[in-house]
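Reading through the structure tokens given below for one structure.
Chain lettering (A, B and C) follows the sequence in which the chains are written, and residue indices restart at 1 in each chain.
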Amino acid sequence: MSAPESAPETRVRREHRTPPRKPRPAPTARGFSPLRIVGMAFVWLFTALNVVILYWLVTAAFKTPIEIFNKPFHLPYTWFERGDPFRNLRYAWENAGFGNAFLVTVALVAVSSVVIVAVAAPAAYALTRLGVRGSNPMTNFFAIGMGIPFQTLVIPLFIGMADLGLTNNLFGMFLVYVALSLPFTVFLLTGFFKSLPDELEEAAAIDGASPFRTFFTVMLPLARGGLITALILNAIGLWNETLLAIVFLTDNANFTLARALFTLYGAASYQSEYGGLIAGVAIVVLPMLVMYILLARRIITGLTLGAGK
Amino acid sequence: MAASPQTSRPAPVTSPEADVTSAAGAHLVRKKRLFWPFLLPAIGLYVLFMVVPTVATVVLGFTSWQGAGDTPEFNGVGNFTELFASDAFLYSFLNTLLYIFVAGVGTFLLAFLFTMVLREMRGGKLVRAILFFPNIVAPVALGMFFSIIMIYRPNRQGLVNYLLESIGVDAVKFLAPENVTWVVIGCLIWASAGFYITILMAAVDRIPPYLYEDADIAGATPWQKFRNVTLPLTWDVIGVAGVLWTIGAIKIFELVFVLAGPGTYSPPIESWTLGLYVFDRSFGTAGSPEYGMACAAAVMMIALVSVLVVALRRLMRRETIQF
Amino acid sequence: MAAAAVLTLAGCGGGSDAGGGGGEAPLTLPGVDDYLNAPCPEVGTKPATDKEFTYWSMWTEDEPQGKVLSKAIRCFQDKTGVKVNVQWLGRKLLTQNVAPSLNTDTVPDLFDQDISQVRAAVVAAGGTQSVEDVLDYKVGEGDKTVRDVVPASFYDMPQAKQDDGALFSVPYEILGNAWWYNKDLFPDLKPPQTMDDLFALFDKAKADGMAAIAQDGDINFYNAYFFTQIAARYVGPGGLSEAAQDKTGQAWKTEPGFAKAAALVERMGDGGYFIDGWDASKFPQVQQRWADGEAAFLFVGSWGPSETREYLNKQGGDKGISYGSFQFPTPSDAPHKIVEQLPIGFSVTKKAAHPEAAKAFIAYVLNKDILSGIPAVADNLTPRPDLAVPDSLKDVKAALEDDSAERAIFMDGLDGLAAGKWVDNVFYPLNNDLLKGNISAQQFIDGLAAKQAEFWKAAG
């Protein structure tokens, strides 16, 4: 079903413009002005820097401290020569508790992201497409939540959760993650639902489908791109979330990756354990990177529609 | 149908076909019944976990409270007078403004420059995907990376100084307290650019190409094309992006914490931000926590972000160019 | 060159579990495995009712101290059947976990940190209970009690007591501080007796073509040690802390000792003694440059040898450092001979559900066969005088047990003053400027007086 997918992208943005064409660079604009050459060089340089950083991170995870600092561009060799190339990763995984933290994080982030979208999507739909008076102030009320820094919430939230026995508890962490991710997700998805065409929904109504059914069978599939974007962006955000995890989780068994990395960061500087530390960073970054490479196009189109529409 | 209730969005980009009558009637009523069941879970969680704690924070901002088992005691505006007399807070406030405005202008200029170039460049999609990459990395990890490559250490320089010296430029003490704010700004611009390039590029992609073709025929320079075509047609998106930047930039603290200090203790106050101030007074200090003060500073954060967002939206709305 | 050393060392383990070996000064401590494999000593005082307790630790499990305490926990569980629920939270546990938990009913029974931090973060809000009774617990060596094995000078001090005068912390590790040097590089070095001797050492190092002082300038309190150490010699223990609490700030001017101390620090800052780049680095890279032989002296706590040894070990080199150390000399016109210490100890929370088991565990850790892991594995000092001391720490240990010196705690406890805000707002900025040579000693003293008056006025 390709129509729903492409629908958001091809929809006319301003009805007083001529019909849409597929966005494409103007083929005639191929003059090579000095300005453009400088611009291109700059863009490529900037892009190269990102690639270098990635290269550095991945190779440094296999290096000794001396290689990390003195041979940032070399391929790692010491641990390979000693026949123990995965020493750093093993250190992080076993000695610094990243193995357990990885499982905890995957489960927590996966469940939280899905539930966030499951809660936010109906809300975003209700706020944009039901024509209820007051939807607009309500949308703004949600959007304000994006402007509230987490730091300002932690203390009352911690005490409230403690009263309910939900601190140092992954279910409590899950609740907090879901709730605190809602403003951005609702904001993103309202942008999405707004951009959807009315025709299919109307057709479903004429066919006699209930509004509830229409939402599930017509609107959700139409908004699939947005839902996936929201899922991924939340997963990335929660995967890297540190502050709340530090305060809310005290049992080592409940540590998330970001929490374990934070503890390792402190200890590693006392023990000069840079190899293990960077391996830890790599364990945190690489899964997100893989997901990103697989789904980059989705994230980018989704993000644009959410924020731009 | 669906008589677009969302008219006060930054600017209504869509214009519904406005045939409210067609599917009205019973179906519309049934639809409206969905409103509360659909909204309630989200609004309930939001109010319970964000609105209530925020209100509590505001109230606690007017109390003297360590937050270590003692009881909050109302002390009027005492926390706020102390904040404004505190060097640490003033630095935090000014640095936060610096990050929002200087790094913000830098990020957006860079993003615009990239949109101008990327629009007509081969491999643009790939470049965009690569540029977005820093956004998926935890800021702490970015800070660690930058602190390693920016080390000043004669004879065994960090990467950046090594490159500078190899082209005959004197090494720079990037991590010295007097320079580190600018280093953080540079890192922020680098790390954030991808996100805003992505958003702006998508808006640019939506501009009908014939406008650029027309401009080329008329002999427009890249700057003229940008000024007269790109900018006005992406104005709404820029407005939203500006709001997103502001609310993101006001929270900055991990990058500063790791780059400006040893990473385990708070850095010198010259480099603090509001986010760092709140963190230090609550969870980061080697002295006593002071949750009352932390909450008061948090109130200032909320106030600042509100003022800036409202001002930005005003500004963007007034200058919207119609054509 | 160092990289070449790594290359030739294929087969040498490095990492956390193996070491270089072979050099004049070995990189690993000899007694680690012996200690960890030794049988568990008996428990002196067993808890009567508690079947479990919770311990939140300032260490991580993989750190040397973590390994020692892991053994203590294992043995305690074996010998008493009491379950120890331990969480390794790292150094920041007080403000990030312990203090928040005190607002709730889920608190740890036992936690640890240095007494300055515990006092500021937990005691000030009334979160601890007295551990006086632990002094009479048996440590598992016949009838010996904690009081018998730990000299009072390591705990009987106002900074280790609650407002009601009761002890809140029982020490198991003692931090000292010192000027460190490598005996292989300075075989004939004699500890300086006067400040001029000290500067002569610095000048000699410079003349030999090496930097005099390595200093991790991004840690504010490391930078503070110079002034507080010297000033304490002029004004005695408690003098700095008293001056800092003077609401007018004039105390800095009326006591001439402060200006004299500042003048000596100015002399250090202006002399070009600090290693190039010390003010633009990231901990612990400057102390690592010291370990690499780029600088002659390093002023840090007694953790210096263990941290730099770990570094050299992880670098894969084969040669360690022969650690030597000396204390700051007493300036000729200063009346006090001072030795600074900072006890790290166990505290029990006021709301603890199992205080009895927690306290029994404290006493057990002080058992000779358990506590010996702190020097043997963690390369640090303990409050017990009868334990072996690592070679690297002999000088510090001697200084700490020198009866002719007065005891002060690190920085005279200034770092906990006014919830930590005093140092951040008043002291650190001026002190950093003084050390970097940006301001003169006179400007420093004037600045302290003015800023401090402002500070206390604002604090109300």
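Simple rule for what comes next: a residue touches a chain if its C-beta (ideal position, glycine included) is under 8 Å from a C-beta of that chain, and two chains touch if they have at least 3 such contacts.
In this text, all values refer to a predicted model and were calculated from it rather than measured experimentally.
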- So how do the chains connect up here, line, ring, star, complete, or something else (other)? complete
- Between the pairs A-B and A-C, the one where more C-beta pairs touch: A-B
- Task: Take the average of all CA coordinates in chain A, do the same for chain C, and state the distance between these two points in whole angstrom.
- Result: 41
- Centroid distance [mean C-alpha coordinates] between chain B and chain A, Å: 15
- Among the residues of chain A, which are close enough to touch at least two other chains? 70, 155, 246-247, 262, 266, 269
- Multi-partner residues of chain C (each touching 2 or more other chains): 91-92, 96, 100, 103, 283
- Note on the structure: In chain B, the residues touching two or more other chains are 67, 148, 151, 262-264, 282-283
- Item | Touching residues (chain side chain B, partner chain C) in the complex | 66-70, 78, 81-82, 85-88, 147-148, 151-154, 173-177, 179, 261-270, 280-290
- Sort out for me which residues of chain A touch chain B in the complex. 11, 13-15, 17-18, 20-21, 23-26, 28-30, 33, 35-36, 39-40, 42-44, 46-47, 49-51, 53-54, 56-57, 68-70, 72, 119-120, 122-123, 125-133, 135-136, 138-140, 142, 145-157, 160, 175-176, 178-180, 182-183, 186, 190, 194-195, 198, 201-202, 205-206, 210-212, 215, 236, 240, 242-243, 246-247, 258, 261-262, 265-266, 269, 277, 281, 284-285, 288-289, 292-293, 296-297, 299-301, 303-305, 307-309
- Query: So in the complex, which bits of chain C are touching chain B?
  - Reply: 91-92, 95-96, 98-100, 102-103, 116-117, 120-122, 124-127, 216, 218-221, 276-277, 279-283, 285, 289, 350-351, 415-421, 423-425, 428-429, 432, 451, 454, 457-460
- Which residues of chain C touch chain A in the complex? 2-3, 6-7, 10-16, 56, 59-63, 87-92, 96-97, 100-101, 103-106, 283-284, 288, 303, 307, 310-311, 313-316
- Message: List the residues on chain B that touch chain A in their complex, please.
- Response: 1-9, 13-17, 22-23, 27-28, 30-39, 41-43, 45-46, 48-54, 56-57, 60, 67, 113-114, 116-121, 124-125, 127-141, 144-145, 148-149, 151, 156, 158-159, 190, 193-195, 198-199, 201-203, 205-210, 212-213, 216, 222, 236-237, 240-241, 244, 247, 250-251, 253-254, 262-264, 275, 278-279, 282-283, 291, 294-295, 298-299, 301-302, 305-306, 309
